[in-house]
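For reference, the structure discussed in these notes is given below.
Going by the order they are written in, the chains are A, B, C and D; count residues from 1 in each one.
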Amino acid sequence: MLLYFIKRLLMLIPVLFFVSVLVFLIMRVFSPDPATIVLGQHTTLEKAAAWREAMGLNEPIVVQYLDYMYNVLHGDFGVSYFTNTPVTTELLSRLPATIELSVIAIIIASVVGVFFGIISAVKKNSIIDNFTMTTALIGVSMPVFWLGMLLIILFSGYLHLVPSGGRIDTLMRPYGGTGFYFYDTLMAGDYEAFFNALQHAALPAVTLAGYSMAIITRMTRSSMLDVLHQDYIRTARAKGLSAKSVIFKHAFRNALLPVITVIGLQFGSLLSGAVLTETVFAWPGIGAYSVQCILRSDFPVIQGVVLIVAFVFVIMNLLVDLLYAALDPRVKYAQESA
Amino acid sequence: MTDSAITLRKSSKWGDMWASICANKAALTSLIFILALVLTAVVIAISQALGFQILPYDPNVGDMDKAFIAPCAEHWFGTDQLGRDIFSRVLDGTKISLSVGVAAVSIALISGTLLGAIGGFFGGRLDNLIMRAMDVILSVPSILLAITFMAAMGRGLDKAVLAIGLVSIPEYARIARSCVMAVKANDYIQAARVTGDSNLRIILKHIVPNITSPIVVRATLGISSAVLDTAALGFLGLGVQPPFAEWGDMLARSRSFIFSAPYTLIFPGLAITITVLAFNLFGDGLRDALDPRSRRR
Amino acid sequence: MLLEVSHLTTEFRTRRGIVQAVRDVSFAIDRGEILALVGESGSGKSVTSLSIMGLLSSNGRISSGKILFNGEDLLTKSEHALRHIRGNNISMIFQEPMTSLNPIFTVGDQILESIRLHTKLSKKEAQEKMLHLLDLVGIPNPAKRVRDYPHQLSGGMRQRVMIAIAMACEPQLLIADEPTTALDVTIQAQILDLIYRMREQFNISVLLITHDLGVVAEAADRVAVMYCGRIVEEGKTADILSRPAHPYTLGLLRSIPRLDDNSQRLYMIPGMVPPPEEVPEYCAFADRCERATDKCREGLPPFIALKERNVRCINIISEEA
Amino acid sequence: MKLSKTKIFAAALALVFAGAAVTDASAALSRKPQDNFIFASTNDPLGLDPAMVDDNDSGKINCNMYESLLRFEDDSTDVAPSLAESYTVSDDGLTYTFKLRQGVKFHDGTPFNAEAVKFNIVRQLPENAIPKMSYAGLVYGDVAKVDVIDEYTIAITLKKKSTPFLHNIAMMYAAPIISPAALQKYGNNVMEHPCGTGPYKFVAWDKGQQVILTRNEDYWGEPAKVQNLIFRTMPETSARVVALNNGEVDAINGIDANVIPEIKQAGNLIFSSDGMSTQYMFFNTNAAHDSICKDKAVRRAIAKAINVPEMVQSLYKGYDTPATTLLPKFVPGYSSKVKPVAYDPEAAKKELAALGVKHLDIITYSGARIYNTVGGQVLAEAIQAYLKAAGVESTVAVYDWATYKNKLLTDKFDLGFMGWNGDNGDPDNFVNLFASDDIINNQGLWVNQEYRDLVSQGVAMADGPERNAIYEKAEMLIAEEVPFLPISHPQILGAYRPNIENFAIHPVGLTFLSKTVKH
């Protein structure tokens, strides 16, 4: 198992390498030159040239790339052109927000999606099934950002139930700690702040979860339907097991396998969704930040973001494979070398 | 014998498909809606090319005195910040959404299918190389990649098409590859190889017909995601050039007025959702029609 | 009688309307008896067994008839009461041992589940019982095998495990739905032998469902032949196999390849089994029957009782009478 | 066991993230609403080192933590003493001698003195400045030498006479004095570790969320009224408005005219004052680009086609003033005698047709800028409509800001949009743009020797009517030649809760909040 894991890890290296090349090319060869905006309204052509020289942007692209990778391998992702702050600092200070949001969203999406998927499959063609499937279909058809804005109008504008943006009321902000507000507030025993953070996360998390929820519901339903037709379900019923244990013990645990793959893949697409959701809800994570940085050609930050996100993405896929293998006794690591 | 059996089955397959779609009310309604959308877009485009306006108002020119009029008899969907009629703009927007959707899917479909088919057919290093390249594209969240592209190349319809098309190549490549590999493993292909059929002949005669249906299904669903992606790019301010109406761009502009003028937000969003929904429903229907296994459910 | 099925009719809702899969079927099984239900696929024999178990799929429904088990009508019982009977008093094994076991649980878990569901044995006692059962069904080294997953066992072993699960609570009736079809010939004999042994040892009754007359000859006491949802002939195994009275039974027997007969091509019953929604309201076999007359198409033939057997045909093969 | 696992987890998280977060792990601040003034604006600051930033979002925070030798008066750009109690100018106008305030300490306890001032200036002299220090050239570019006379006296000598110098060292960019100890400690970069002498000191910066300041109890002047200042980042106008109306924040900026009724309806108050910036549409007169607009007649005809007052009224709902000239009204040198080309659609149509102008390429940016709250795209679309009415078709190319700035250098186009935010209230700060050979500042590359002569005359001349006359002449020249069409002087708009007193936004866009009271 460990060997398999290491092998898979090694296979990620070329993928990450090519990702870095791709992004580097897009950013440094095709993207607009940031010099004039980095230096603000007091720039001159001369100053811009000096800045480019200082940033090494006049070097041949290959030299630039090698320099960059050398530094990355030494843990240095460079310095943001605009804030003069190390990219690592910039990203690490925003990552907790994105991780917190994505994790809540994937939990919501999985729990709700799996629950309704099962109900739909078991009560196939019932009103609940039709309603769930219609909702799920609308869910995959709605632009995330539109859904977000509608929720803001409704819950924040008219009902005043939740704040329209941000992670937590400024005054409730935890001091010290990890930057994961749920964790920090709980550790501090500050339940008021915890619930405040929960309120803030509610709309963005639901918005972000929406699409994945719909996908997971549909996947769970079809997987459950597949499994419910299997012979071993008949065997289980023939044993005299109750409908509940047939569905949850025998059917669900088998149906879960493909669902887990989908959930894992959805986690990746959540990162995509986070770009839009964070923008709509002013959620201070790397999603909204990366849009900002792309728009102002902050090369080092974009390169860092893409590398880190790609890394998280491939690692997630690896973890899903491992989880799959752990849950399905039929899968053996040795067989799965492709 | 095998050949005639295949063609026989094929023709009845498309017939079955049509029957199955007709039996599926949602898919049929969607198809009609999609055709209506296409018709709207074409009629608007032709009339604009000929220089007359069939929309109630010029979608791109507004009367500044009439900014932010709530929906009423004259302006069914209200007017925007520049006093332009939202109803006309929403209708006008079908042009861009559909053309970007179709064009982006075509790009992805053609290059993806080719790459996947080549990889699957020839296998070996070439296959490995192609699939690793697909992995690279897949390992960056598609919207992030598309934004990066757009930011690099600048705004514009053509660039949006390219960006969206590019990020969805891997889906088609994967489908095509697995289909080709499955078909290739079939006995009759082995037989064709033994009897000395050329690669091209095998591809045209055996492989192309077999990968058509999954690819067609994927493409229909692909248009829906391309419409969503176009809107997302427009929303982030990286869509088409103004003053053309684009739904995502309209939503982006409405952001500052979501409380004071929610109608600027509602209608373009509805347009996106319903269009995407139609393509999804039709795609689902198509898949059920082409894949008897899923029809059973 | 342990089980008495009378006038059972089972129907399914399908896209093409309501279809009857089992039509007015009656039979009975005595204690310790093995009854074989024989027919081609689609003849309704599996649906009959699922009707007894109450395991019809959601679009299926028993529209009339009675199923008396120990004199009590199963059809009037609640789902809860039925659950108590399933796996406890009546248990079932299936055709595909490959797919009938849950792939993600160990063999041991699946047997234990059955034992613990219907008995009040402690964990330890249940485990002992499980090992004993596995030993009984002829699985070598049971203590090791219980930790295996189904995919690690051979087909024959899996069917033995299925039998162990079925025997877990020493049922009165075992329904075996094509238990040997998916297995190699040598394994088939072993499994049949095992079922036979179980009957001897526990005095259980067996409803053996099969399309294979060879299996019937080997194991069954009595045979009921089904065609298009109806029983067409029913009687003692030896009688029916040696002197079939219904033309369909004869057809079935003639289509068995024989080692001693290489003179002619294998017999095939002409025509096809009609799909369930097209079964006529007269003798369903008439359209394929070489002996059919116009009279055969005038109405449903009645059951004609010969000595120790019933036949639903108006042109009973003459040498029988 | 379980507890220790949690602890390890926390430690690991803290190790990875807390180390990176810009956080002072000091004790929590008061949660009482009246102790916290929350101000919401559009963007996160770029950073908190005044020498390295040029954005208003940084400036408006920095101005509560840092002080310069001089400061602007509360409501004008006249200079007043701050860290320097007084100054003298030598007779040749080259040497400025400042008497520094005594007993002032930086937030880290470092004493403020002449060495500290020198350290800050030397850091930004041309030979030491890094390219990122974008104001260093403007403020210290002409400095010849800096002499510490005694602990509290410093003399700065310039290479040439510069009337704007005193204004420059009152600015919140480049001029503020930072603790030399902090600069040394953090490697000449206090973007995330600000340390000045002002009424508030830094507590924490949650990137993308807020910057938190607390009262400097050792402040040399009048202590701040509200205990904590919180600058929140809320990118969406609608979100800021709702937050204000719900009482989540105490004041907001970056609003446009469309939302003002909503704000008033909720019982909140609007702050508005003339802003010190100018928005204009420039014509491409770059000889290399060969645009039809290099013809003065074309420029004048196009100007006639555009009803600037109507457009500004419609786009900015009467909050921004239509511009008649480059200089805002309150900047010395502004003259009401300067009249722009008048709107005359009939004449425009005729002249444009006669000149053969059928099609124009417009280039613009997508988002909003300080001088253009509705965004460049909307503005360009409005112009497009006016041109269409005058019989001229046009295409609008919209780029995000970064691309736009590059396109200005490389692309051929006819019309573009730009604006200038005044830095120091000196007219030279505006007029020298169009005397530049640098296409970044003089986007249309308009070359006019007479204008250039006037500008270089003005910069060396002392403030007064004579200087103003020169600038009036320069503005007349612009009105005649129309290298660009002045569009608007934006209004500085802000809004605040009714329980807030003494809230103001300075004409240069900064928010000095130490006198603000929250009831």
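One rule holds in what follows: contacts are C-beta pairs under 8 Å (C-beta built on N, C-alpha and C of every residue); 3 or more make two chains touch, one makes a residue touch a chain.
Keep in mind that this is a model prediction, so the values were computed, not measured.
**Q** Among the chains in this structure, which pair is joined by the largest number of C-beta pairs in contact?
**A** A-D
**Q** Average the C-alpha coordinates of each chain, average all protein C-alpha coordinates together, and give the chain whose average is closest to the overall one.
**A** Central chain is A.
**Q** Measuring centre to centre with CA averages, how many angstrom lie between subunit A and subunit B?
**A** Whole-Å distance between the two chain centres: 24.
**Q** Using mean C-alpha positions as chain centres, tell me how far subunit B is from subunit D in Å, no decimals.
**A** 45
**Q** On a C-alpha centroid basis, what's the spacing between subunit A and subunit C, in Å?
**A** 53
**Q** Indicate the residues of subunit D shared as contacts by at least two other chains.
**A** 236, 238, 242, 399-400, 402-403
**Q** Touching two or more other chains, which residues of subunit A qualify?
**A** Only 32, 124, 152, 157, 279, 295, 297 qualify.
**Q** Spell out, as numbers or ranges, the residues of subunit B touching 2 or more other chains.
**A** 151, 237, 255, 258-259
**Q** When you check every pair of chains, which ones turn out to touch?
**A** The list of touching pairs comes to A-B, A-C, A-D, B-D.
**Q** Which bits of subunit A are touching subunit C when the two form their complex?
**A** 124, 230-232, 234-243, 250, 253-254, 327-330
**Q** Considering the complex alone, what residue numbers of subunit A touch subunit B?
**A** Checking each residue of subunit A against subunit B gives 14-16, 18-19, 22-23, 26-27, 30-32, 124, 137-138, 140-146, 149-150, 152-153, 157, 222, 225, 268-269, 271-273, 275-276, 279, 290-291, 294-295, 297, 302, 305-306, 309-310, 313-314.
**Q** Which residues of subunit C touch subunit A in their complex?
**A** 53, 55, 58, 79, 83-88, 91-92, 94, 96, 99-104, 113-114, 117-118, 149, 151, 162, 165
**Q** Given the complex with subunit B, which residues does subunit D contribute to the contact?
**A** 236-238, 241-242, 256, 258-259, 261-262, 310-311, 314-315, 366-367, 374, 377-378, 380-382, 384-385, 388, 395-400, 402-403
**Q** For a test of understanding, state which residues of subunit B touch subunit D in their complex under the given definition.
**A** Interface residues on subunit B, with respect to subunit D: 60-62, 64-65, 67-68, 81-82, 151, 154-155, 237-238, 241-243, 255-260.
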